[in-house]
Structures are given as structure tokens and as C-alpha cells.
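Below, chain A partners chain B and then partners chain C, in two separate complexes.
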Partner chain A sequence: MVKEVERAGIPVAHICTVTPISMTVGANRIVPAIAIPHPLGNPKVSMEEEKVLRRKIVETALDALTTEVDGQTIFEVK
Partner chain B sequence: MLKIVHYINQFYGGIGGEEKADVRPELREGAVGPGTAFAAAFGDAAVITHTVVCGDSYFGENIEEAKAAILEMVRGVKPDMFIAGPAFNAGRYGVACGTICAAVKEELGIPVLTGMYVENPGAEMFRDKFHIVATRESAVGMRDAVPKMAKLALKLARGEKIGASIEEGYMPGYMRVNFFEAERGSKRAVDMLLAKMKGEDFVTEFPMPDFDRVEALPALKDMSKMTVALVTSGGIVPKGNPDRIESSSASKYGEYCIDGVTDLTDATYETAHGGYDPIYANTDADRVLPVDVLRDMEKEGRIGKLHGKFYTTTGNGTAVKSSAAFAQEFAQKLRNDGVDAVILTST
Partner chain C sequence: MKLTIGNIRITDIVLGEQSAVTGSTLKVNVKELEALILEDERIASVCFDVAKPGESTRITPVKDVIEPRTKVEGPGGMFPGVVSKVATVGSGRTHVLKGMAVVTCGKIVGFQEGIIDMSGPGAEYTPFSQTVNLVLNFAPVEGLAAHDYEHALRMAGLKSAVYLGDLAKDVKPDEEIVYEFAPMAKGIEKYPGLPRVGYVQMLQSQGLLHDTYVYGVDMKQSLTTMICPTEVFDGAIISGNCVSACDKNTTYHHQNSPVVEDLFARHGVDLNFAGMIITNENVYLADKERSSDWTAKLVAMLDLDGVIISQEGFGNPDTDLIMNCKKIEALGVPTVIITDEYAGRDGTSQSLADVDAAANAVVTGGNANEVITLPKMDKVIGSLEYVDVIAGGFENNTNADGSITVEIQAIIGATNELGFNKMSAR
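Let's turn to the complex of A and B:
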């Protein structure tokens, strides 16, 4: 799906936990997530803290979309 | 008798389904689950002395730790052969089987074998590194896969000559094997051409590699002016799954309106995905589809707008061809709606 959306001319940031799969699939802007059943959350912390974590990942995805890439790139969440 | 160690996931190990996918690797004595079918196929030639059972999510989320722990277990047993799976079209399981086979082969010098469906991402990642037997998509194919894998495993363990992929049933791409064809090349080529012209089936002797890569699009300039859409393979749907998107091997995608939705709650959204423990997404679907954060960003002007619709399907076991067709369709809708960027989340 990542490839087809990008092929249609819309840049994609792919947020996923198992980044090697994303590399194989062919995403160009990849953002690592937290865990497979909760990529943008962490049930071990409070809902407020969780939202902060989620925001960081989405911020990284937005930064990835405004960064030129030369081939497939993984953007680590700071 | 040859000693074999077999790697399987928590499901085949009888520990449990997705709710147990986070279990750490454990070493059990003897054959477990599909290992008993292998043991029957081996007869007196080989014995599965130990089985490693590991949760698929644990492996996927802790690749280095899982690899190190399992290598330590295998090193202690000193087997003649290491078998993983078969994983069929289970993505995380296939990647785990491939990763651990590669590690056992490289670090311990023990011959390895796994089996999976050709579209499993693990096949693309590892088919050029060791033998992977091509299986069917689901465990229905266990009965075909076991005799093929058992036969090849014995040959590999004994260091015997391995035939061509077409004879042994492994995926081409790892080893080149020379053999003599009965007919010379020019005759085979003309036969193939005639078959093609008649519209009959024929098998190419040199399939073209599939280098389907899409070049990265240029970076966007200013996110505060951009319309961002959300897409997910994590199966987030309105509560009740109104379009009945299948929990695996999806035949469709959903398009849902989120105008005025600022937060996904357990009363309004859930996941239809059958390939991960749904409890976290059902409690708060923002954990998979971050609508709450993007609404905040929209309000603050960090992005121009969150698109009023999201697109969703379940990514587990879904054919690559179907996923591509879904995305071609909704990508056009996104374009027509003036969407500038997509955040796609996967579980």
C-alpha cells in the first residue's frame, strides 16, 4: 500500500514496528514504532504520557515528510 | 541418528494465540506441534531432540535479544540440523524463521532449512541466503510441506548433493545447480513460444526478478499548509466493523469519515485485525491510528488539515496483489480530494 500511494504521487511516512519488513516492502520514509499490537501507544504508562509518546512518533513522521531522502531511510524517533 | 533442533512460534507451541505472542524463547525437549509430523517423516533417520518456542511479537520487537538467546540454546544442544517453521503466510513468523536460520547458519555453521509462502516478507529477505521450501498460504499446506522439508533437511544434514529448486521444492535464488535438460535450448525456446502463441501454459526457465521499487518523492516544504491523510493496515474500523472487513486475508478495504472526530475511544472504534492481540487497539484505537494527536496538530497549525476520511484494511495474510489493488484505488481518491501526504501505520 505504501508503494502504490507513493506511486500515485503522494509521499508516505510509514510508521511500523518491524522495520525490516517495511524495507522489504519498499517504503522510502520509515519511522519505527513502539510495539506490534500498539505501534503508537504504550499501555504501561498513563494515557497522558502515552499521548506524548504518540506525538513524538507523529512529529518524526512529519519531519520525515519534509526531509529529502536518497533511497530508503529510517527516521529514528528522538 | 541425526540430531535436529526445530523452531516454532507460540501458536504452534501450544502456548496461545496473539495474546501470548510476547512470550520469550524457551527450549523444550523433544518434538512439539508440527515437529511431531516431521519426526514421523524422519523415521529412524533423524530425531528432533529439542524445540525452541518463541512468541512472534517478542521476536519481532526484540530481534537482537531473541536471536542471542536462541543461538545460546542451539549452541548448547549442538544439533546436526536446524529447521524453522513452516511459517506459511504469517509475516512475523516468516521473518523470525528467516532471521534465526540466518543466524544459526552464519554463527554456528549448522545447516538450516525453513518453509513459507512465496509472498511472506521473510521469503524476499532470506531466499538468497539458504534453502526455503515454498509452501501454501496457510497451515492447510502442512501436509505438502512436511515431506518436502523433511527430505531436503536430511540431505542438507548429511551434506548430500542438493538438486535444482524445481526438483527439491525450494525457492530459486539461493544456489545455482547445473543439470542436463533432455532437449536442447533452441527446441525448448521454440516449444515455449508455440505454447505462448496458442495461449497454453508454459513455465519460463528464467523468471525476471521483481525489482518493484518506487522512487522517493521529493520532500514537502511546509507541513502547516498540507492536508495529511491516515491509512492503516492495522484494521481500525468503526465499532462493529460495519463493512465486515475480514480478520485476515482481507478482500476489501474500508473508507471511513472522521469529520468532527477528535479522539478514537473504546465506544466508537476497534480493530478487525486477527493478527495481533486486539486488546490495546480496542481500548484506544489512537494507539494504531493517531487521530487524537493529528487533531491537536491541526488545531495548533502544525499541519494544514487532517483529511476527513481514513482508509483501512487488515494486513495479515492479505495477498500483495489485493493490497496493491486497494491502494491504487484509494490513492486516486486521496489525490482527487487534494491530499498532500499520507501517514500509513502498520502493526
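Let's turn to the complex of A and C:
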């Protein structure tokens, strides 16, 4: 899906847990997620902390979308 | 550690009023076994059935398959840390009821349970069409959560296997096999010219019921570690049930690990079986990195010359597999990986979710997406209610003549990644 959307000229940030697979399939902007069963959440932390976490991941993905890359790049969530 | 396995050939199971092994017949006191199982208040009822090779019988949805065994001499008991107390197993003497299995079945837990056909084309794909099976068909009490139900039936299956295995304590085995694993220095001294070959076994540990237990420890909570290969013959590793049927390592597969058996068979002949490492397949990337780092580190510390790596399941564990492979190969140690494929129904898609050029020696258990039609059977143990929802099934897959069409993914052990199957290609 990542590749097809990019082929249509729209940049994609791929949020995923197993970044090596994302590299293998050819995504250009990759944002690491939390875990496979809960990519954008973490049941181990409080709801408040989880919201902060989710926002950080989404903001990192938005930043990635507007960043020029010259190859496959992993954008670590700060 | 030295372990003698005494196999007692079982060719028939008779349900009745007394439990005993008589010749090659296992008699089961149904009332006594039922009472043992119903000690767990989470189980509402259990039905017993026997399925024999060649019969027109379908068993589904199957959770686990277990071989009854018992410790006759040596420390510990069967399924240490789970049924027996924690104590190191893998030495002394163990008796096995060979040719039979305990099969757990009943209302579905998740969606990754499978089918065993005792005859017809489906029987070719599962090793458990060749065993005489005592099938335990459970019903949980109402309102029981899935994880509780899984635990209840896992324990019931293991306890039943121990109950039956214990009947073999005083029976003279039909054949005996001795397995001996030497400490590192002794192995080198004894087989100076032979390559030191190790086995890395990846254990399913994704959670959400996809789990494996080692001496009762949930493997996702463990770092990569070592085990003496004889321990697996005494039930040190057990299945947590919910992995796709075709490539789940049932408890029976662990008890009869073909990789361990074959490495022992060639130990001292053309290789020195120098160690077994067990690692996990967790859902956090950091865990994957840490565990595969640790695997490679143990390979270096054991000074291995070659490594066999086996996987369990598919999808994201393909990354664990490739990480293990890459990091061990980077040490200059050649690897062979054992996996299976999800290459689409026509077999043209990429087989694994992750790939690397370092994985240049691969043994495959087959393509799990291959489609098969299983003819109607005269008898069904369990229920056909779930054949469309289990992994490998799909909507409207029951045909007008009563046959069902599934991917071989739905068949227990069809593409087993320990090589416990017969499919091959060149």
C-alpha cells in the first residue's frame, strides 16, 4: 500500500513496529510504532501518558511527511 | 546428561472402567480421567473419543497434541514447572506410549486451531492421522474468558497425558534409545575433528495466547537461553496452543523434536552436537533486537561451527528468523534456517515477510496457502462450526457435498517448521 500510494505521487509515512520489514518492502519514511498488537498505544501506561505517546508518534509521522529524504529513512520518535 | 527413552508401542485405545497398558492396548478408565479433568472448575464437561488411523473421522478445532510419557528414573517429572514440580529433567529413564496421542479439542478459543483428518487427502498432511488418538472434547463453563479457557484446557491436556503416561512406569519397553549430551570440554576432547553444530530453536511468544512455556516460564518474559537437548524429551517445552495450525509446534512436536533427534543421530558420526539455544519471538522491536543479539552472542560463546535455526509461526517472526540468521552469519558461522511459506494460493508471492542475502540455505515446510478440499467424513469429533473462521478457512467454504475447502494452514502440522512433516520439493 505504501508503495502504491507513493507511486501516485503522494508521500507516505509508514508507522510500523517491525521496521526491518518496512525497509525490506521499500517504504521511504518509516516511524517506529510501539508493538505489533498495539502499534499506537501502550496498555502498560496510564491513559494520559498514552495520549502523549500517541501524539508524539503522529507528530513524528507528520514531520516525516514534510521532510525531504534521499533514501529510506527511519524517523525515531522523540 | 544421559537419557534412556523406552518406547512402548500402542496400537489401540479402549475406553472402559480400568486404566492399564496391556500388551499394545491402552485401556482408559473414563470416569477416573473425567474426575481428574473436572477438578478444574473452569471446565463444564469433557467427552472422550478415540480416533484411529484410516477411519473416516475429522477432529476439529484441535488445540494441542500431547504424547503420554513418564519419568521412571532420574530427577524431576513430566512437564516440569507446569504439571510436575520444578526440577531439571532430561536424565535417567523415560517411558513413552508410542503410536498414540492425546488431542485436545472443543469450543474454539481463538481462531488458530486446526483440523486432523484420520483418512483421505487431509490425512497426508498431518502426522496425527498416523497415531491412535484419545480426543478430549471440552466445554468451558459459561462466561469464561478466552485466556482462562486456554489455560484450563492446556492444563487438562497435560494432566491427562501424565495420568496416561504414568501407566507405563512398570511396562517393559519394546525399544530403547539412549541420548547423551556431553559438557563442552568433554565433547571437544571426544570428537576433536568434528564440526561443532548447534541448534537455535525459536519459540512462539507473541502473546495474546500465542505462547510457549519452558519449565512453566512464559518465554516472552525470558532472555534467550540454553537448554540441554535431552530436556525437551521430558516435556520441558510446551505449547500455548494458539498459533496457526499448520506451523504451530504442538507439545507433541516439542517432545519429539526431529531436529534434536537427528542431531543426536549424527552426533559423533559426522558432527558434534554442541548446544541448543532457545529464543523467543516477541512483539516489540527492541525485544527482537535484544533476543537475536543474545542468540548470536551464545553461538559465539559456544564456539559453534554451524547452526540450524527453526522458526515457529509466520509473519513478524520472519524478522526474528532473519535477524538470528544475519547476526550468526555475521560471526562467520554458517546457518540453515527451517521455515515455511505464505506465498499465496498460486505460490507466486514473496514467501517470507522479511528476507536477507545471508539466508542462503533454507529448508521449507511448504506453502501454507496451498488450497485443499477435504471430503466429508462419516464422523466428526468436536464441531464443524468453526471451519470457516479458523486460520486457513474462509467464508462459505463448506461445499454442497459436505466437503470443505481450506488452505493447508488449517491442518495441524501441515507445514511444521521443525521438519515434522513429509512434504518436500526440489
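Keep this in mind: the second predicted complex is superposed on the first by the 78 of 78 C-alpha atoms of A that agree within 3 Å, B and C clash if a C-alpha of one lies under 4 Å from a C-alpha of the other, contacts with A are read in each partner's own complex, and residues count from 1 in each chain.
As a working rule, a residue touches a chain if its C-beta (ideal position, glycine included) is under 8 Å from a C-beta of that chain, and two chains touch if they have at least 3 such contacts.
Computed from a predicted structure; not experimentally measured.
**Q** Give the label of whichever partner, chain B or chain C, reaches more residues of chain A.
**A** B
**Q** For A:V45, is the partner it touches chain B (first), chain C (second), both, or none of the two (neither)?
**A** neither
**Q** So, does A:R54 touch the first partner chain B, the second partner chain C, both, or neither?
**A** It touches chain B, and chain C stays clear.
**Q** Output check: A:T67 vs chain B and chain C. Expected answer is one of first, second, both, neither. What do you get?
**A** first
**Q** With the two structures laid over each other on chain A, which partner does A:K3 touch: chain B (first), chain C (second), both, or neither?
**A** first
**Q** Which partner does A:I21 reach: the first (chain B), the second (chain C), both, or neither?
**A** Both partners.
**Q** According to the stated criteria, A:P32 is in contact with first (chain B), second (chain C), both, or neither; which is it?
**A** In the superposed model, A:P32 contacts chain C only, not chain B.
**Q** Which residues would you name on chain A as touching chain B in one complex and chain C in the other?
**A** Of chain A, residues 17-18, 20-21, 24, 35-37 contact chain B in one complex and chain C in the other.
**Q** In the complex formed with chain B, which residues of chain A make contact?
**A** 1-18, 20-22, 24-29, 33, 35-41, 43, 47, 50-51, 54-55, 57-59, 61-62, 65-73
**Q** So in the complex, which bits of chain A are touching chain C?
**A** By the definition above, chain A touches chain C via 17-21, 24, 32, 34-37.
**Q** Going by the contact rule at the top, pick out the chain B residues touching chain A in the complex.
**A** These residues of chain B touch chain A: 18, 21, 57, 60-61, 63, 91-92, 95, 121, 124-125, 212-223, 226, 228-229, 231, 233-234, 276-281, 283-284, 286-290, 292-294, 296-297, 302-303, 313, 323-324, 326-328, 330-332, 334-335, 339-347.
**Q** Which residues of chain C touch chain A in the complex?
**A** 206-208, 283-285, 288, 316, 318-319, 322-323, 353-355
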